[in-house]
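First chain A sits with chain B, and in the next complex the same chain sits with chain C.
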Partner chain A sequence: MGSRWHNYSHLIRMAALFVAGILIFLVGRSFFVPADFGVYWHYRAGALDDARARPIRFAGQAACVECHSDISDLRKTARHAKVSCESCHGALATHAAGDEPLKPTRPNGKALCVGCHTKSPSKPVAFPQIDVADHAGDNACIECHNPHAPKIS
Partner chain B sequence: MDESRRKFLMGAGRLLVLTGAASVAWDAIVEGQPEQAPNYNTIDHWWGMVIDIEKCIGCGQCVRACKEENGVLLDDEHFRTWVERYVVDMDDPDHPLVDAPNGGYDGFPDLPGMPENIKTFFVPKLCNHCVDSPCVQVCPVGATFDSPDGVVLVDKDRCLGCRYCVQACPYGCRYIDPRTNTVDKCTLCYHRITKGLTTACCEVCPTGARMLGDLKNPKDPIHEFLRTHKVQVLKPQMATGSKTYYNGLDGSVR
Partner chain C sequence: MDAVQGYMYPNEVELQWSILIVLYPFITGLVAGAFILASLERVFNVHVVKPTYRLALLTALAFLIVAPLPLQLHLGHPERSLEMYFTPHTTSAMAMFGFVYLWYLMVVLVLEIWLDYRKDLVLAWRASRGVARWFYAVLCLGVDNISDEALRIDDKVGHTLTIIGIPSAFLLHGYVGFIFGSIKANPWWSTPLMPIVFLFSAMVSGIALVMLMYMAMSKLYRREIDVACVDKIAQYLFYAFIIDFTLEMIDLIHRVYESDESFRALDFMVHTRLFTSQIVLQIMVGTVVPLALLAVTQLFTIPSATRLRIYTVAGVLTLVGIFAMRWNVVIGGQLFSKSFLGYTTYKMQYVTREGLLPAIALLIAPFGILWLLVRLLPPWAPEPAAESGVVGKATV
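Then we have the complex of A and B:
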């Protein structure tokens, strides 16, 4: 009988090694793979909430209009009607939420205007473009144009 | 009234008044965090973007807003979105000159000494949020994935920084963030679109050249736009199922 087991001992050793390997794999897996991995697909479900958790910096047009309806009314029929407030005034989520700093800085007039309206062959032909030196010289744009309703009547 | 009975009645009452998602939302409101109320259901949305080349003026507002909103490194090597300027010599249209000084962050200076017969235009680029994303397929640890609402996201906790996805992306939209040594890319402002806001780049685009669209919302103007315009995607031969649609795209754009 003893001699018979002796014949199988190499197989038993092999099986024990396999079982130990599988155990190590399972323990390691439970340790390294997060609990919510694979809830939807091959990723950690909590990563969706992580991506959502980031605070916003741009408040969005609706938040601006809520308080500054006078400006939005002025802009409604003007050529800049579809330019959002934060496109020129910058990211103002903290301002909209009422936190510090409450007073946004005034945009740097000419540099801002020129950023869009300087003449370039790459721009769509229909877009209003000017040769800045020719058009204004050293004058500030807001001497003639109201940025909220830029057309001079 | 004993505690368990009271609990049962309150639970049953709430179940009658508020069901499902509304009940979960109510928990968040009771805790004083209404902004975390999960009234956003991922399976109700399918996000994409339309870029109208015929409207882009290369002002770089989108590039600046994206960096501001998402805290992207302010150097000239890391961009979640950027703008390229194409100058196509019509005598040699297969070899366009492409430049993107600082990704378009500072706008575009004039190009001196251009040939007479040229076509030139701006091409804003960002993650195409592909349906069959090559980057998702190569990630060995499930750190990058397609969200149920069609946005390709990165799980920074799992990313190894192995750079497989950076190589796999045919559009060059991924980079390694040296601060974390993990991959970073456009999230389509996932933190904004899930709160009912538009992306930072769409918010500030002065000409409306960028339009975020919810393809599962039948009332979204993106459907009207896609019906009435001949849109293209970048590198259609790669069969990535890109959801960034370009209107007026020149054949020379890679």
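Then we have the complex of A and C:
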């Protein structure tokens, strides 16, 4: 009987290696996977608190309109009516809260405009789009267009 | 923007899956095909292909080691790939790849190669000295028992492993086809036939590769080519290719006959942007020509030297055709808009992470690994006079 097992010894060692590999994996898993992983679904539950703890950076459209109603009124009549202030001016929660005397930097007009208005066959035909070099050359968009009411009357 | 024609949704203009994702099914296909060829000898007792048995296993291993690298390069952050094992997402077919891969690598290939080479390794262990002795002792797990009974047990376990390995090889490549076939939003991919077509094309490419490798290795090591063996492999290549081509034609006829809302868009794509890679490379150069060449060798009596040359040409064209097939699936599936109203172009990069250069490096890498494996574990008994390291001297 002993010699019979003797012929299996290499296989038993190989099996032991596999078992050791699985054990190392399980130990590694318990070490690397956070305890609260999967409490709600396939993510670390604590990530929700982490996300909640991050400061809010955007003030929201209503906060802008409180002080800048003149601009808001102008925009209401124009094609950019539904583009929110912070889409172009950036996140301005600290500005709106008055926590610091922050004067928002003026956006780089041309770079911002071409992001939406460069001609592309993938855009709906009715969407205003231009070949930038042909349309404006080296001129800045705001030399002709008011970004809050872009149509030239 | 000249690359875009008609209407594309903005997120479709640039292709997300590059040439690296073309390589991935190509390489896994070679693995599965090579293993299935090896199993012919072991399970189905086709003894005439025995000279390629070990080479097929080593080829499969060399390519399997490289198989996940295109994915790692494509995704970036290789350190995160461990997450796939630690927190497996059971509802994602892609996320289960890690387990399919690990199973195939460790339980099927490594174990089978180890069992098959154990006698050689033990003999090498006994014959060597110094560091090599330690190395072989570790590979043998410290057991030098190569009694008849122990080897009989090895053979039995190896046989069982091959039987497990066949469905595993089918699973490995069927799974790759499944990933594409199950994407219902993409009519170019979404067909239940996809896993089966992938599987048979895998067999075709793997058999062709092993056939070419066997002939190349024999030339390289100045060994006589066993023509009967290559004839048999070419015969299997021919049969597998006929089934593969038939399945692809069934898919095509089904698409033409069904003519669903996507058909005109896909048909236009095949006649324009995919014409060279699909009609010319995949179907004509990569399928019809090698099939005709193989048919000629089956139907007519041709001198063996000419026959081997025909097999070489057919094998190379087959690999080109299967690579083109992967290209047409992966790249073709991203060239048309889901609106069916527009087409984009794949602009291949060169010396970037997902460019042509890393793709070429990844295609060469398995041959480097195979060269190393062949030196370490010679797939054939060496000539008595030839010196090829310790294993060479020890093998009978």
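As a convention for this text, the second predicted complex is superposed on the first by the 98 of 153 C-alpha atoms of A that agree within 3 Å, B and C clash if a C-alpha of one lies under 4 Å from a C-alpha of the other, contacts with A are read in each partner's own complex, and residues count from 1 in each chain.
Everything that follows uses one rule, which is that contacts are C-beta pairs under 8 Å (C-beta built on N, C-alpha and C of every residue); 3 or more make two chains touch, one makes a residue touch a chain.
Fair warning: this is a prediction, and the values are worked out from it, not measured in the lab.
Looking at the shared chain after the overlay, A:48 reaches chain B, while chain C stays out of its contact range. In the superposition on chain A, A:56 makes contact with chain B only, not with chain C. In the superposed model, A:98 makes contact with neither chain B nor chain C.
By the touch criterion stated above, A:10 is placed in contact with chain C alone, chain B being left untouched. In the superposed pair of complexes, A:137 makes contact with neither chain B nor chain C.
With both structures placed on the common chain, the touch criterion links A:122 to chain B and to chain C. In the superposition on chain A, A:40 makes contact with chain B only, not with chain C.
Using the contact criterion defined above for the overlaid structures, shared-chain residue A:87 touches chain B, although it does not reach chain C.
The wider contact with chain A, measured as residues touched, comes from B rather than the other of chain B and chain C. In the superposition on chain A, A:25 makes contact with chain C only, while chain B stays out of contact range. Looking at chain A, you'll find residues 37, 42, 120-123 touch chain B in one structure and chain C in the other. Residue ranges on chain A touching chain C, taken from their complex, read 6-11, 13-14, 17-18, 21, 25, 28-29, 32-33, 37-38, 42, 119-123. Touching chain B in their complex are the following residues of chain A: 34, 37, 40-44, 47-48, 50-58, 60-61, 80, 82-84, 86-87, 90-91, 115-116, 120-124, 127.
Residues of chain C that touch chain A in their complex: 1, 4-10, 12-13, 82, 85-87, 89, 106, 111, 114, 118, 140-143, 145, 147, 149-150, 153, 157, 342. Interface of chain B with chain A (complex): residues 42, 54-61, 65, 68-70, 85-87, 107-108, 110, 114, 118, 120-122, 142-148, 153-158, 187, 190-192, 194-195, 197-198, 200, 203-208.
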